[in-house]
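First chain A sits with chain B, and in the next complex the same chain sits with chain C.
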Partner chain A sequence: MSAASVNLGDEVVMEPEVLQQLLESLRSQGYQVIGPTLRQGSLVYAPLSSLADLPRGWGDAQEGGVFRLRKLKAPIFFGYGVGQQSWKQFLYPPRRRTWQARREENGFQIQLPDEDAVKFAFIGVHACDLAAIAVQDKVFLEGPFTDPHYRARREQAFILAVNCGHPCGTGFCVSMGSGPQVTQGFDLALTEILQGTRHFLVAAAGSARGQQLIAQVPHQKALPEQRQAAANLTAQAARQMGRTLETADLKSLLYRNYENPRWDQVAARCLNCGNCTLVCPTCFCHTLEDTTDLTGTQAERWRRWDVCHTVDFTYLHGGGIRNTIRSRYRQWLTHKLATWIDQFGVLGCVGCGRCITWCPVAIDITEEIQAIRESELTTPPAAKE
Partner chain B sequence: MLNPATEPMLPRPFRVLKVGRETADTFTLTLEAAGGGQGFSFAPGQFNMLYAFGIGESPISISGNPERPETLVHTIRAVGAVTRTICGLKKGEILGGRGPFGAPWPMAAAAGQDVLVIAGGLGLAPLRPAVYHLLSHRQDYGNLELIYGARTPEDLLYYKELEGWRGRFDFRVHVTVDAARGEWRGSVGVVPHIIPRARFDPVNTVALVCGPGVMMRFTVQELLAHGLKPENIYVSMERNMKCGLGLCGHCQLGPFFVCKDGPVFRYDQLQDWFLAREV
Partner chain C sequence: MPRKKRPKLAVWKFASCDGCQLSLLDCEDELLAIAGELEISYFVEASRAVVKGPYDLSLVEGSIAAPHDVPRIQQVRRISKFVLAIGACATAGGIQGLRNFADVQEYIPLVYARPQYIEALETSTPISGHIQVDLELQGCPINKRQLVEAVSAFLQGRKPVMPAHSVCLECKMRGNICVQVAHGTPCLGPVTHAGCGALCPTYQRGCYGCYGPKETPNTASLSAWLGSRLGMTEPELLRLFRTFNAGAPAFRQESEAHEH
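Right after this comes the complex of A and B.
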């Protein structure tokens, strides 16, 4: 047992079985430990009770509109890409009561819900999802108004990141500069290596909490060849990336193509189901819903994820603003890849590929951008009116 | 103890002091903070999220006098569940409010210039605080003109007050309606057609415009045709709003969140989005 402290960023090597100790240590520190599990043929982030809950030896195949689990030959712990739902569901829950109120003679009294200030430890966060958390931080923590509930959960969360080592069918993190190698925003980052019979984890601490965790478990300084093996793994994943998206000039490309006929073409395929917004790890739009009990003396307000693909989203007295599928799909995509930059200084897309995988008709954001780019080569955009 | 001042998502209770009927479906409510407390400060053009207990919230612009913060005044058209409930409240009853939110009219930037206040329909409600400001600081501004259009004479807001303003020698008021019965002796026609009657120095004029989308579109065109600079035209936009804080995403208009970047925009900054459809 080595209790020597490690420096931030120093790479150390651990046996894979040490993961169990890491989980136990996090749990003993009061964390609710969440990680990938297999449920109903899909990859679901859920509470982990032990290492046995991790889908060891499983991988996935993702394509437009397709997600399949597949058995791997290698008995590795982290052989899969991203699941349907991101970590957003924990930091920014789909439904949450924001307050309740009791009607009184002289008005009403508002009560905040008892804060479930859950300390989460996220196990197996990929680089794209780390980038997505950083994007949501900008939305919820850096504007003139912030979300205290998000802040409480975010500041307490322990993030155990995993470097992606396998081809990602629908992702394009390399294009978005978000992966596959994690570079920041984690407490502990692992790279899992299996070379023949040699199976080990290369770990690096990204915070004091991560340093303390490493210090509690057996580890050794990583040898140069072990560090190289870790670097090779993500380099190989980067070469096998399933999709690319040319990001140069993206904002002005979309700003000058509001009337591109491609929007009609994609609108003919889009079902307006909203899957893309629900699986997107950065989509933050929500609505507020008010209810009362039967007596009318108790009222509640709930916050719920909302979907910009609905007509209701822009409803004003007399009708909606975006009444066509064309305008609503255009809003979603233009928000992700253009207006987000003006709003928050970053792109709203991290290249995780979920919107492509989980689109029932396999609409592909990278293909749509490519089509708009190519249309400009043949037909220059119409001059502004 | 919760502090609504630092918790922008929490409505605080207001008591109805007075309900005045403006038109068949539009009411002006005068409110005071329930349980005392300090008054309600705001800048002309800002709005509140008004809460009908248990039913929901609506963004409603503030229509009172910014220099009289002891009461809060809102003019509301009953068009949905929330606004119908609020318009049905009686004296003494309670509603919730949080705010004020949003970017105001440029009262300071307009100083020293002629000001055109141009309203269509309910658009006069968020402009009335600007008019109060202009009149109480009359020396700070050049020529002042109000152009106000409604569908019919019965749809005119603040009728008595308009008559009072019209009686001043330092404020020209033009009222027009889209259609009227035979007894109407005022102007009939849309707002943009009235603009040529206003007196203003185009290079030294600020226009404050609020009304239905189509009215603002043609009004802005007319102002530009008269030589106003795009950066001297201000428009107040309307969108679905849930939070008022720029977090819920509903009010997006291109890169803007109307609730926090607007509702008042300088036209030159908005024009690409203003002219596009279904944005």
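Right after this comes the complex of A and C.
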């Protein structure tokens, strides 16, 4: 057992029970430790008080419109993919008061909220969600206008990532180049291996904070076969992706198919309920709501999550711009996979599959793209008109 | 400083259970502020003291279900500057709107010992079917948060925060896991108007649509899924959409699509 420092990227091996020490160490450093746990009969991200809160021995089965927990034979800690929730709810909370004003004798007084820079430690972040955080970083932290609240939470957050080692029913991270292997954007990355009775974690530090954490717990240099086992795990998961999405030429594909009849077909199914957008770990749209109290002495402005599937989303004086479900679904998908590139230089989709699983009627973004592609094979756009 | 003249509030009841107007008394913490800002001038459920009209703000509860309701709602409109219709009865005809799908004359003798005393219209209809309504609060019953927001907005001359989106937004913002996707529980949340704060799904129940249709609801698509994937039968789908908001056009059309 050594407390010697490890280099960035060096793989070390730990006993699974060391996780408890990792959690305790993070807590003692003032982090609010958030991770996967079972609540509401499903998988949620919530504060973890001990290792016992992790859904040990549980996995999931996902398909369009369906998510089910399933009991695994293997008593592993990280045997599931991503659930409905994502880390976005912590870095970019659903509702936040941006300011309030109080009427006074002469005029009014504005009060800004205290920046509640909670120090979060996120446990069990999958590669797709790391990619999603990187996308939201571009949205909130780059360009002329940045979000100080997001920045305060983001910069302090400790990210303990896990390599994904199981089939993902609706995910397509391989297509999007975002997983299942984590490559960057983490403080500490773990791969959990269970081979017969041998159960261990292969860990690698991705930052100085991660190095310090490893140094505090018992670990050993990983043997070549242990490193190979870790590599095999994600390689196997990569071969078991539930979905694929051909990304070549996506932007121009969508730009030249603005009037494709496929949009009518998907609009007939789309509930415009907003679930795809709410569960998407990169969607960042919000609205501002102004309220007062009954007496008019207190006014508040709140920022809350909004979705491009509502009429109000495009409300200008007199009404909304996108009044049909067709135009709103097309906007959502075209933003994700085309205009996002113009806006932020990256795709707005990381292939986590949440929008497919959590759509109440199983609309599938990969199927929609495939249908548009195939329609071009039968009717080349140039031949239209 | 002289006390400013307060706007006058009236509360009117038509065919209803009184639950919505009770949400005004249910305001508790805000009730003193409401009474301070508005002169409660006509509210017979709370007080026999009546101040003569006209009224600045009229809350109207209930549907138009009897012949004498028709001239009375016209009179309410004439003496009210702002009419706020509250609840599923006032906005969609209420549970009593089930008569719209049947012959009310057949019901009456089954319910009343002396049917000759009963004067009922053939249909139960929302307030907006009879007069111009300035604002509607959907829900059976409405909740007090929504009512306080509408009254605050009226008093301050601002737009009320009253989004017409689905219950799903409220669920996701609360951190609720989708009961339909995670448990296969049929849920009307995707087609139902927000406002309740996702009350039922928070307790692991499917939404049963008591806030009525959201904007642009795609009820046909949801029904198709509930039928083909969650095994609901046609009579079950009919009943699902035929409850408190049976008369709301989107829900009425959907329930009629399952009549055979």
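Structure notes:
Rule of thumb we're sticking to: the second predicted complex is superposed on the first by the 377 of 385 C-alpha atoms of A that agree within 3 Å, B and C clash if a C-alpha of one lies under 4 Å from a C-alpha of the other, contacts with A are read in each partner's own complex, and residues count from 1 in each chain.
Quick note on the criterion: a contact is a pair of C-beta atoms (placed from the backbone, for glycine too) under 8 Å apart; a residue touches a chain by one contact, two chains touch by 3 or more.
In this text the structure is predicted, and so the values were computed from the model without any measurement.
Upon superposition of the two complexes on chain A, no clash is found between chain B and chain C, which fit side by side.
Using the contact criterion defined above for the overlaid structures, shared-chain residue A:Phe67 touches chain C, although it does not reach chain B.
Judged by the touch definition given at the top, the superposed model places A:Cys308 against chain B, while chain C stays out of reach. In the superposition on chain A, A:Thr292 makes contact with both chain B and chain C.
After overlaying the two complexes on the shared chain, residue contacts for A:Ser178 are found with neither chain B nor chain C. In the superposed pair of complexes, A:Gln226 makes contact with neither chain B nor chain C. Of the two partner chains placed around the shared chain by superposition, neither chain B nor chain C is touched by A:Asn257. Within the superposed three-chain model, A:Thr339 lies in touch with chain B and out of touch with chain C [touch as defined at top].
Shared-chain residue A:Ser327: touches chain B; no touch with chain C.
The gap separating chain B from chain C at its narrowest, counted between C-alpha atoms of the superposed chains, is 5 angstrom. Across the two superposed structures, the residue set of chain A contacted by chain B and also by chain C is 289-292, 296. Those residues of chain B that touch chain A in the complex are listed here as 2, 8-11, 13, 15, 34-35, 51, 53-57, 77, 79-80, 83, 94, 96, 238-240, 242-243, 245-250, 252, 254-255, 257, 260, 272, 275-279.
Considering their complex, residues 30, 33-34, 36-37, 148-149, 151-153, 155-156, 158, 161, 163-166, 168-169, 172-173, 175-178, 180-184, 187, 189-191, 204, 215-218, 220-222, 224-225, 229 of chain C touch chain A.
Against chain C, the residues of chain A that register as touching in their complex are 39-44, 65-68, 83-85, 89, 94-95, 268-275, 278-279, 289-296, 304-305, 307, 309-312, 325, 357-358, 360-362. Chain A makes touch with chain B in their complex at residues 98-99, 101, 103, 106-108, 110-112, 139-140, 143-145, 147, 255, 258, 284-292, 296, 299, 306, 308, 313-318, 321-324, 326-327, 331, 335, 338-339, 342-343, 384-385.
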